[in-house]
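The chains carry the letters A, B, C, D and E, assigned in the order they are written, with residues numbered from 1 in each.
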Amino acid sequence: MSGIVNCAAYAGGRRVADVQISEVDDALKQPDRFIWIGLHEPSEDLLRDVQREFGLHDLAIEDAHSAHQRPKLERYDDSLFVVLRTAQMNREQRRMDWGETHLFVGPRYIVSVRHGSSLSYAQVRARCESTPQLLCKGPGFVLHALMDFIVDQYFPIVDALEDELEELEDSIFGDSFSRETTKRIYELRRDLLNLKRAVSPLVDICNRLMRFDLELIPDDTRPYFRDVYDHVIRINEMVDSLRELLTSALEANLSLISVSQNDAMKKLAGWAAIFAVPTMVAGVYGMNFDVMPELRWYLGYPLVMGVTLGACGFLYYRFKRAGWL
Amino acid sequence: MSGIVNCAAYAGGRRVADVQISEVDDALKQPDRFIWIGLHEPSEDLLRDVQREFGLHDLAIEDAHSAHQRPKLERYDDSLFVVLRTAQMNREQRRMDWGETHLFVGPRYIVSVRHGSSLSYAQVRARCESTPQLLCKGPGFVLHALMDFIVDQYFPIVDALEDELEELEDSIFGDSFSRETTKRIYELRRDLLNLKRAVSPLVDICNRLMRFDLELIPDDTRPYFRDVYDHVIRINEMVDSLRELLTSALEANLSLISVSQNDAMKKLAGWAAIFAVPTMVAGVYGMNFDVMPELRWYLGYPLVMGVTLGACGFLYYRFKRAGWL
Amino acid sequence: MSGIVNCAAYAGGRRVADVQISEVDDALKQPDRFIWIGLHEPSEDLLRDVQREFGLHDLAIEDAHSAHQRPKLERYDDSLFVVLRTAQMNREQRRMDWGETHLFVGPRYIVSVRHGSSLSYAQVRARCESTPQLLCKGPGFVLHALMDFIVDQYFPIVDALEDELEELEDSIFGDSFSRETTKRIYELRRDLLNLKRAVSPLVDICNRLMRFDLELIPDDTRPYFRDVYDHVIRINEMVDSLRELLTSALEANLSLISVSQNDAMKKLAGWAAIFAVPTMVAGVYGMNFDVMPELRWYLGYPLVMGVTLGACGFLYYRFKRAGWL
Amino acid sequence: MSGIVNCAAYAGGRRVADVQISEVDDALKQPDRFIWIGLHEPSEDLLRDVQREFGLHDLAIEDAHSAHQRPKLERYDDSLFVVLRTAQMNREQRRMDWGETHLFVGPRYIVSVRHGSSLSYAQVRARCESTPQLLCKGPGFVLHALMDFIVDQYFPIVDALEDELEELEDSIFGDSFSRETTKRIYELRRDLLNLKRAVSPLVDICNRLMRFDLELIPDDTRPYFRDVYDHVIRINEMVDSLRELLTSALEANLSLISVSQNDAMKKLAGWAAIFAVPTMVAGVYGMNFDVMPELRWYLGYPLVMGVTLGACGFLYYRFKRAGWL
Amino acid sequence: MSGIVNCAAYAGGRRVADVQISEVDDALKQPDRFIWIGLHEPSEDLLRDVQREFGLHDLAIEDAHSAHQRPKLERYDDSLFVVLRTAQMNREQRRMDWGETHLFVGPRYIVSVRHGSSLSYAQVRARCESTPQLLCKGPGFVLHALMDFIVDQYFPIVDALEDELEELEDSIFGDSFSRETTKRIYELRRDLLNLKRAVSPLVDICNRLMRFDLELIPDDTRPYFRDVYDHVIRINEMVDSLRELLTSALEANLSLISVSQNDAMKKLAGWAAIFAVPTMVAGVYGMNFDVMPELRWYLGYPLVMGVTLGACGFLYYRFKRAGWL
């Protein structure tokens, strides 16, 4: 059946059988076994089958079908329903692709449902199978392994956004800020906001998995959730720092635009003054009065030109010293 | 009596009778029955009748009569009084229409009072009647159905506001920002503020319905309120994101206005400089000195014009390269 | 004695006697009676008399004498001391007048002390006396009636400030923002800040009256305090909304000033360019070169003027299309 | 020994003896006595002596020696260590002078250590000695008297800062804002920040003295600490209001600078346009074309001048009406 | 083995033996001894050895290997794992160098692992060894000594950043703000953000060490952690003040840039007006009308020049008085 990526039974930390959804009941007859099912964008029918096998709650299944949930942890009787957002950086198109993963965890099963953009969880399964001493802790440990994997995907994204901020800093403090810079600042803010929305509910989720009395999580697995919690806190903090730096960068940007406008204004004023002098002088000696003695002087022209150029030179020197030019 | 939209008795999840307000007492004599009354902008008399039948508190009835309450949940002895704000987007006039719904919930009755703009709750009733296995849980479930319906009305509104933001982004990052853009940003902020005020008290209301010991809400109905809570949290988060993006957009707007002013300033300065050169030169050769040898040269005119044009061309090239023109 | 507005004994919800301060002891000998005293800017002596009669705490009396307290609720043994700020809008002078009311509430007395600007509490007394079934609940209910009256005075003030904001919006988004607008925004912010300071401590006061174990407040009076609480919350929320909208309005104001400056700059640049062309051309043909063939042409003058006007027209058309003029 | 301002034993609210530090042991042999010592910038030796007599903790003495602590309340076994910041406004130099006072309070002693700028506590001692009925409550009451005195010193400072803000408002909304205004806004913000840092920890300190189970504070002294708490809350609130108003003032300042720039820009543009017209016209009629019929007309000159002046007048009128000039 | 700085056994507050990692077991056979190991950027093998000797948790060792943790305190059964960030100011290059120290504390051992930039802890060891009466409290006291040392390193850094702010203030309120100033404001903000991130988690860590029931910390050591807590709070507050002042400085910067632009604009406008007058007048008398009587007057030229200069002088005087020039 399409949509099923993997469906296996585990006992004592080792994979003992590949099973069909319909055989789950049989597989669970033997005690100390648990089932780990991986689904990828399953059809509604498939989800219904899974629901029937494990007795999942209607509302959880409804949520699992429609993506666009926010990350959350819900408890239905003795099972947990976890929603996580997955993210991948699409470097070529400079944007983030988002996906969602829904996890149903019971005492003897864990079902992962992958939507949208995310890496396959095959390598999580492989890694788990290579450490049977941990995997034998049951579905609680698998939950940790999946969350750890998903959370670790955020680090390269934060790194990419940090690179983006550094490029923006260069273009802000370099000579060439432009409309483009402002747009990229805006887009980076939006990306950080989305990331924040995906990561910040995880703090609470990890906290509950670490501390509250959920019998699905064995006590010796809790330090592992504390590790995930730690990563989440760090990502959160990095995102917050980025947001704050970006705000500072925007303000620096605004300030530098003003400085630059100021400089342009002063340059404009300075050159206007320098040009105004000869224009005015030339205007004066262009007047047609019958009696303008200077016009008759033999050296009138070079004299006037000399004086004018001198005045311009003096203005230039003064403006230069005042930093206007 | 005008103002009454519907008034029916339910037993075991099925509608068993349509009743008059005055017959409510009789209808409730049989156990396991509950009454669901829908009112639309009722007269004061009608409200008083309802109050008498169910023994509602004076203060609650006063609130129900005057609209413009904020969303709240109040408990009077064994009954609940819930105020919710309803909203509809008036796409033509680009504004939101607001209404209010007041709900009185007792162990064996639920009364809904609709004011202002909102959809009829007939379809909620229809949907409830089509799932008798849920409706038989009693007035608590009807409360959920109505709240769910009202909360789900906010999603298209948030979508509409997101569209509005996208349009604003286009006009901000496009070439043509104008006074109009600033005004629309302001209006969108006001709409979001109103929406926030309508939605954020719902978080607390749902929380209390989900968790606190209200015997009106059967235990197996609580996950349904958690579902509503979830939707409320998501709407809240979407509104917060929109508000934050809008703030960023406003700042980008301001920054781009400055950039644009800067560009205009530089263009002005550049062209002023280019025009100043020939004007000054022409002024100089317009002087009436008797002795100005250049004026006598045969090629004086084309030479001066050529040199001047060359200077202008050089300036143009320099300004172009510096990005001023 | 001046300063005493009213001093009466009540029993079973009815006024049974007007008494003198000095006869209070006698009046209270009969059980089930309580005294309600209204003072207006009392002298220190009068306050001392009242203190002696009811055994009020030194610190409370000190507070009652000096106005400029912040709203608060203090408990001294079995009595309460409540400070409230009263406000009235002085529409003519566009400012708010502030007053203070101090309330001493004991098991069998309530004393109100009015300072500064506020309405007389005679109508509260009249209203209470018209509902003996409520007044018979004792001083706790009188406390509610006074607080309700004071809180309801804030609604017209908030309305007035909302009107002020609307006028400001008109002048911001209209054509004529000015220094005056900025000043009024600043003053509105100050008024809102003062209002906020007067209202926000009421949330906590109402909460304590509603919930805590103050035996002065009978259980069936508590829903009435919840009603006051509700009003306080709404006023608080309206003030917060106003503050937020005002901030948005200020930012819109700043943004529009920039837009307008931009427009002025572009207009300046555009017209400068259009004027620069004929000035330059005229300068060129005003040069005194001996050999300038165009000057000799018969149609030189109209030709040059025509070409120049054409260039100006072209520039005008281009600037118009670019939105600069 | 220099550094000791006063050292006296009290019994029943009255000063019974002036003692030497070294005689403290003897003085305390009689029950119901307590010692009140006032030190001013004591030497290390003196502090060590005091430490030995009362068995104070090393860490507290270390803190008392180095100033620049933040206000705090610490408990060491059965004694309290309180650090308070004192402030005085230096009106001539327009700056605040800061000091620190450290208080060691035990069941039978109180030691005050004054550093830097503060008023002498001699008048606190005098006031306490004049109310023996209060002083007999012991060191707990002296602690209150000192804290009350220190907190009340903040009121004139806040008043001075409010005056400063009013002056700033005048210069912002007056015609003459300048670089100086901006600098003073910045300095006022810094002063408010320092004041905030000195006052805000007091809220928590008073709260602990009011509520927590510190047996050093007799129950009937607690309302007095509530009084100090009240003053602290009010100062805090006034500082917060000032900070918020100052932020508003700064924004108004920025907005008015923009408005003023706008006005200057428009004036510049308007006059430039008015001057451009005659300059251009004069240029045209300064051209040297052989055939320019107007030049030959008898009334050419007055006609052209008249038309030009008329155009200038029209422009002036239009700009005036548009508010540009 | 490289990486081991020091490894010694202590008994009764005195160093009794230098031991090898592999001999730790033997050294701990005698009761009342504890081991203090100092490592500097240890190899993976060395860390594994240490892990084996003391039975440390896998996750803690993993963390200790990879730097770039945030400060935290974790408890594994009866041992603590503490991560701290160390900082040193590199004055020459005007930047902060960061390092990390990881501490493993058990009932009878403490291991410090130093990464990156930090001072050697040799002097902490020396100081501890010089106060055996404190050192005999065991690893809990060593933990305090190391934390105290690390926290005290932050004071000179905060001082350096305060100096930096003062320099910035000078350049902001001095005449010469520039692009460079904006850049340094941005960098200072980033440094403060990093410092904040390093220091603020310490508040929580110290709080837990001070208050919670960690049997590793003897009761009489807790006041020493309160001392560290106090320093952390002060550094935190200083950083917050700096951040707030920096924000104010940035706003003052922006405001002053606007003021300066305003001044430049007014100067430009003023001089443009003064130059426009003679240019216009000269243009008028440069016109070639046949009939221009003034041109024929004998004193026409000096008269016109005089009037023009007078007008310019008048304008200059007016602009000067208005503060435009």
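To be clear about the criterion, a residue touches a chain if its C-beta (ideal position, glycine included) is under 8 Å from a C-beta of that chain, and two chains touch if they have at least 3 such contacts.
Predicted model, so just to flag it, every value in this text is computed and none were measured.
Engineer: If you check the contacts of subunit C and subunit D, which chains show up for both?
Structural biologist: Chains touching both subunit C and subunit D: none.
Engineer: Could you tell me the least number of steps, going only between chains that touch, from subunit A to subunit D?
Structural biologist: 2
Engineer: Between subunit B and subunit C, what distance separates the C-alpha centroids? Give it in angstrom.
Structural biologist: The answer is 26 Å.
Engineer: With chain centres defined as C-alpha means, what is the inter-centre distance between subunit A and subunit C in Å?
Structural biologist: So the centre of subunit A lies 41 Å away from the centre of subunit C.
Engineer: What are the residues of subunit B that contact at least two other chains?
Structural biologist: Where subunit B meets two or more other chains at a single residue, that happens at 254, 258, 260-261, 265, 268, 272, 279, 283, 286-288, 292.
Engineer: Draw the chains as dots and join the ones that touch; what shape do you get: line, ring, star, complete or other?
Structural biologist: ring
Engineer: Which residues of subunit C touch subunit D in the complex?
Structural biologist: Within the complex, subunit C touches subunit D at residues 57, 59, 69-70, 72, 74, 76, 176-179, 182-183, 185-186, 189-190, 193, 197, 250, 253-254, 257-258, 260-261, 264-265, 267-268, 271-272, 275, 278-279, 282-283, 285-288, 292, 294-301, 304-305.
Engineer: Can you list the subunit D residues touching subunit C in their complex?
Structural biologist: 169, 173, 223-224, 226-227, 230, 233-234, 237, 241, 244-245, 248-249, 251-252, 254-256, 258-262, 265-266, 268-269, 272-273, 276-277, 279-280, 283-284, 286-292, 323
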